[in-house]
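Note that the chains take the letters A, B, C, D and E in the order they are written out, and that residue 1 is the start of every chain.
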Amino acid sequence: MAIYLQTIANGLMLGALYACLAVGFSLVWGVLNVINMLHGSFIILGGYLTYFAWHYYGIHPIVMLPVVALLMFALGFVLQRGAINRVVSAPVLTTLTLTFGLDMILYNLMTYWFTATPRRITLDLGAANLGPVVLPVDRLLGTGLALLLTFLLYAVMRGSNIGRAIVAVRMDRTAAELMGIRTDRIYAITFGIGTLMAGAAGVVFALVFPITTNVSGTWLGKAFVVCVVGGLGSVPGALVGGLVLGLVESFAGFWFGPQNAITAGFVLMLVLLLTRPTGLMGVKGYE
Amino acid sequence: MKPLAQYAAIIVGLVLLGTTPLYADNYILRTAATVAMYGALATSWNFIGGFTGYPSFSTAAFFGLGAYVGTICQRNGIPMGVAWTIATVSVAAFAALLGGIILRLRGHYFAIGSIAIVELCRLIVSSWSDLTGGGDGLNVPLIHASPDAVTRLFLFVMLGILAASLVVTIIVDRSRLGFGLRCIHQNEDAAAMVGINTTAYKIAAYTLSAVFCATVGAAYASWTGYIDPTDSFQIVMTVKVAVMAILGGAGTVVGPALGAAAFVLLEEVFWANFIDWNRAILGVVIVLLIFFLPGGLLSLRARLRRASGGAA
Amino acid sequence: QDADTIKIGAPLALTGGLADEGKKQDIVWKMWVEKVNDAGGLQVGDKKMKVELIEYDYQSEGQRAAQLAEKLITDDKVQFLFAPFGSGHTKIVAGVGERYQVPTIACVASSESVFDQSFSHLFGTLSPNGGMTTAMVKFFKQKFPDTKTIAVLGRDDVFPKSMAEGIAKAAEDGGLKVVYKELYPVGTMDHAAALSSIKAAKPDWIYVTGYTQDLILARKQMQDLGVTAPIVTMVTGPSYKEFTEGLGPLANGVTSSSWWHYATSYKGQGVWPTTADFYSDFKAKTGGDPDYVHGSCAAAGEVIADALKRAGTLDKAKVRDAIAATDIQTFYGPIKFGPNGMNLVRELPIIQVQDEAIKVLAPADIKNADMIAMPK
Amino acid sequence: MSREPILRLEGVSKTFGGLKALTDVSFSLDEGEVVGLIGPNGAGKTTLVNVVTGNLRRSSGRVLFESEDVGTQKPYEAARRGLARTFQIVQPFPAMTVLENVTAGALFGGGADSLADARDKARESLEFVGLAGFADRPAANLALAARKRLELAKSLAMNPKVLMLDEVNAGLNSSEIDGALNLIRQIADRGVTVLIIEHLMKVVLSLSKRLLVLHHGQLIADGPSAEIVADERVVEAYLGQKFAARLKEMHHG
Amino acid sequence: MADPMLSLEGVTAGYGQIQVLWGMDLVVHPGEVVALVGSNGAGKSTLLRTISGLLRPNAGTISFEGAEIGGAKPDAVLKAGIAHVPEGRRLFRGLTVRDNLMLGAYLRADREAIARDLETVFDLFPILRERQRQDATTLSGGEQQMCAVGRGIMSRPRLLMIDELSLGLSPRMVEHLGEALAALNKAGQTILLVEQDVMTAFDLSHRAYIIENGRVARGGASAELARDPTVSEAYLSI
């Protein structure tokens, strides 16, 4: 029994992190129609910023969260304005190729500056016990932050004028312009928010995982899976997708061995793709 | 491009690559073989990605499966050529089956579905250790011949596959199938409405996009002598092949092969000269190409013509 | 001018997933070449010849490694190849070397599967990793007689996998019960499921294999999830300084085995007559401590130096035979190749992290600390 | 009636989740007939066409084409059988030339033996609709009226037996509509059965002697045009009092 | 007559190389309903797009209440007081009817007034109040058109431009919308209307312009144009 509870807890904690990782990716994909191959590297970059602030200046990662978020927003905004905006209405393959190229540059810069050595923030906060279930404090913290960030984004998307404008631009660019919405700015803001979420996920991840450039592909892959499982462009979808993926991997790892955990996630994704291409949350827009 | 110009370009290209043994060393030969290999992969991708407009990222899956099937056959004593044939046929059958399932997806969803296939293949091959050696990889019996002979052999094998893929491309381009695929690319609903069996056509395109990849994969495995899951099922390769095709001009006959040649040569130059920065430089090249040459290298001709026409 | 230089080619992973390991090889070989050339070069017959090292980055991609190995042989006309990090890529490069009959020295490949293809031009400076398992089981059982069960978690990749299988077999042979044994795929970023299962199995010994980053994560998650055992071994974790740096105090108590450690005191021929000489040189150059990758790669240079001296010529066949006949003492320890080209089995150091520093527990002649139980 | 109807629907229903888009619709079309289908927005007209051509699968009921149950056919099968339709929102192959667009219809739907043969048929069909001069232009460059004619040409090239026209005249002005009406009449004269969906009553009335009226997915009327437009239910549901008055006036005046 | 609210002089515009408008002149006075009619591709939609800033004019002047707005961005034009209800309704899928309406007021900050205007729209189109929580694109065609007009009203424009009011709508629905527009106009709303069905157009408007090939071919009081035999021959034949 205890082991099942533990497996559920592991899955949920992992799942919240997955959700946090995917939500920005999903947003950019849904709104800009851009599959952002940079997303994994953005997460790593956020992690490195956090690590170096902690390592050299002793700044606590939580304090870095807003700083990294702001910096990453600026980076995303500028990148969209300067580069991605030029091909924003091109077909999938073109935008994907562009972000793939940009990612090669960013990746190279990061390996050059930071090397591939895995770094880790050694806060080692210990663990809390909830009955027989062990909850590592940093994962709990990460989970909390991930949920908070996801919720904040949801609130913004749902309740604010900007949120409405983002959906409007996504659905019909010209009609949005007629509402007085500056679409190019909304695009840049959306990409900025996507990047911000990636950076924030990087901060959260820095608490939990070692940081190294060569996992950027892994994170990107997870973002894909979560998006498909949950549904594209939807904040609650990313949350549900993340949690489901976390649980599936956790139970598959427990029942079939870790070797098959990741496979189970992919199988889940393929099955969903074929049966429910809109994902679990059957999204029609942002809720 | 006019058909005659196309044939001429293909023949010139194949001859250029095929005559390297007359004057160049094995390294150049190997590069030529790599050009041919990626040329064949990009030309294959073109059936589904270029003609049909489905952003497929399954290339590495077909390549890797071809490599594994070929290797496993060879290790069980089947002669090399036969092993390659078995790999080709079985992967094609697999692609046809798979196509029936994932071609129901469109656009972005198809893109992810097809990329997931690569990961899934890698994971399954990794876990199925009894057959595939898992993470240990598999050794392929080395060919016992002089290095020069081996390099030549594989150069001509890759060139042969490239030539075959181009011939099939030309045939498809001029046939009912090619016409139908183009219609699907433009508007799938309308294509169905004029009587095109879109499912069958798409499966045909997807299968064609797998066939030569499998042969290339099997041949490649025999060439290197060792394969493992990470190297055989690379996401980077799958994206790279699509980028090559776009670079040359997706949906054209010679564009993808041309793009592959340009990409491989660029990579070679950057690798040799900028060890620390080769990846970034390649990234910059891709970005610039997307900005300034979105229609691929072949569109350059049209542009130049327009420019000179405008001046006159 | 070419006739007077000895060219050694090295396809290296300077970028990509294996970049850190590739860079280690790069540092050491450059040190070695500089040292050799400062001394006038290598003795070949009656003259001294300078050494030139030609490196290319293969970006951790196997296919490119093969291509670059071929370029090194045909374009740059190297007489020797140094194989890159890891058993898989070593296989690929060795295949090319074999075809061209260019002697290839592998310094970071320890799986016997690399050497069992009857290649005649491949030689490895690491000894078989079997030497790391049986001795360890024996040693731990002697130190902690209560050890009855072991849990093994290994990365599904050539070397880590063979170590995981090796230890499971050795443990069974040694009378232990294997209560958990699973592999995790490359790219796993969460070990919680496996570790929870291990926790439930309550083993006396937890043995994890993987690359540094995997091990850091696993160790940390063990701590988080309260998974512990009197003995925790991570292979090859503590051999690398990145492991101890990344984990800090959490690394304490983790045991491992290694092919070489700088605390050993071997003596022999070559540009670094003693282990201490190599250590101080390395420290001066890089500021850090060398690990077995550094040691083994530097020793690979000595193999070539010695073979050339004995062969007295650059003639390919003669040089190959000279290498095959190697039997030398170096700062890295004895090197003598078996029939399959691998360095012969020797007793390998068992190490443990104590107070965030590496201590050698065995063999007895080089030990500098006693084994402690894993801190709770 | 001497002959079997060419197309017959028996109790066809279609639901989207909880929404009943079509409820128990039955009617039949005779060969060579021109019939109008009208009904308020969202009544289910387009859905009906989609069900007949296999774009949507009916929830229940039977669709009989030449006495064969075709309820489960795929769109391409419908096209090859001779069930052609146009889309409410025109669907050309935008980057292809006008000729290529029509060639596709002739080649795949019209059963042409070769590309060359299909091209000849396509030319004929373009000639017929008066687009021959545009043959080599990209379809995307056509103005709306021309695009609708292209859609017609494409359908014609498929040698249809039944042609369903979903608002082919919407957005055309009067003189363009006159042109289109002539075309449709000529098509009908060739013996093609035509089902016209349109909100422009003058089009519907000038072409068809028989009208079908859908309302909330139900067929509420089926009969001679003159009777139908006077039917109270139709006026209430669809025409509106003012328009009905105007219609009446025109008929008398 | 008072100064015109909107006046165009010699406006030319087009898409890239293709010129569509060739020197357009027209005026709209405050309180008027003006209709634009003409064949497909004549340039009516293009004209509206040029006014609302989706397209830049190549030459000519567009002045609105005395200020030049030619070449201004859509948000500036909207701020100046012109709303454009585009062809084909173009509601935002995934947003509720209410959210769609609220987007009409995107540039406004006066919360209470917005709430009041929302009520006005609901009073005008009661069905929208009933359906306010429904995804806008699941409405029937006519309801969507009401929502689109309502969205235009929400920006509180002084000039409301509507493209293709009756496209694809049942006769009854056209009648209903016509009544709604008349009511709006009575309340003081100036309206510029593009309408394919000339009969309906003349019915609804005070004045009308006939556009042919990107130029104004004729203009005048709707009632007079409707009686003009040349006009009925070209545009009213059955």
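For this structure, a couple of remarks:
The working rule: a contact is a pair of C-beta atoms (placed from the backbone, for glycine too) under 8 Å apart; a residue touches a chain by one contact, two chains touch by 3 or more.
Listed by chain with UniProt protein names: A, B = Branched-chain amino acid ABC transporter permease; D, E = ABC transporter ATP-binding protein.
All values derive from a computational prediction rather than experimental measurement.
Note on connectivity: the fewest chain-to-chain touch steps from chain B to chain E number 2.
Shared contact partners of chain A and chain E: not a single chain qualifies.
Across the assembly, the mean Cα position most removed from that of chain D is the one of C. In this assembly, the C-alpha centroid of chain A lies 37 Å from the C-alpha centroid of chain C.
Taking each chain's centre as the average of its CA atoms, chain C and chain E sit 77 Å apart.
With centres set at the average Cα position, the gap from chain B to chain D is 44 Å.
The centroid of the Cα atoms in chain D and the matching centroid in chain E are 31 Å apart. Residue positions of chain D touching 2 or more other chains: none.
The multi-chain contact residues of chain B, meaning those touching 2 or more other chains, are 123, 126-127, 276, 278-279.
Among all residues of chain E, none touch two or more other chains.
Contact annotation for chain pairs lists A-B, A-C, A-E, B-C, B-D, D-E, with touch applied as defined. Listed in rising order, the residues of chain C touching chain B in the complex are 14-15, 55-57, 59, 61-64, 66-67, 70-71, 73-75, 88, 91-92, 95, 98-100, 111, 113, 117, 155-158, 161-162, 183, 185-186. Interface residues of chain A, counted against chain C in their complex, comprise 2-3, 6-7, 10, 13-14, 108, 111, 115-120, 122, 124, 126-127, 134, 136-139, 209-210, 212, 214-215, 217-219, 221, 249-254, 257-259, 261-263.
Residues 29, 33, 35, 37, 83, 86-87, 90-94, 96-98, 100-105, 107-109, 112, 217, 221, 224-225, 227-228, 232, 259-260, 262-263, 266-267, 269-270, 273-274, 277 of chain A are the ones that touch chain B when the two sit in their complex. Contacts from chain B toward chain D in the complex involve residues 176, 179-180, 182-183, 186-187, 189-199. Within the complex, the chain E residues that touch chain A are 52-54, 73-75, 78-79, 83-84, 86, 90-95, 99, 102-104, 106-107, 135, 151, 155.
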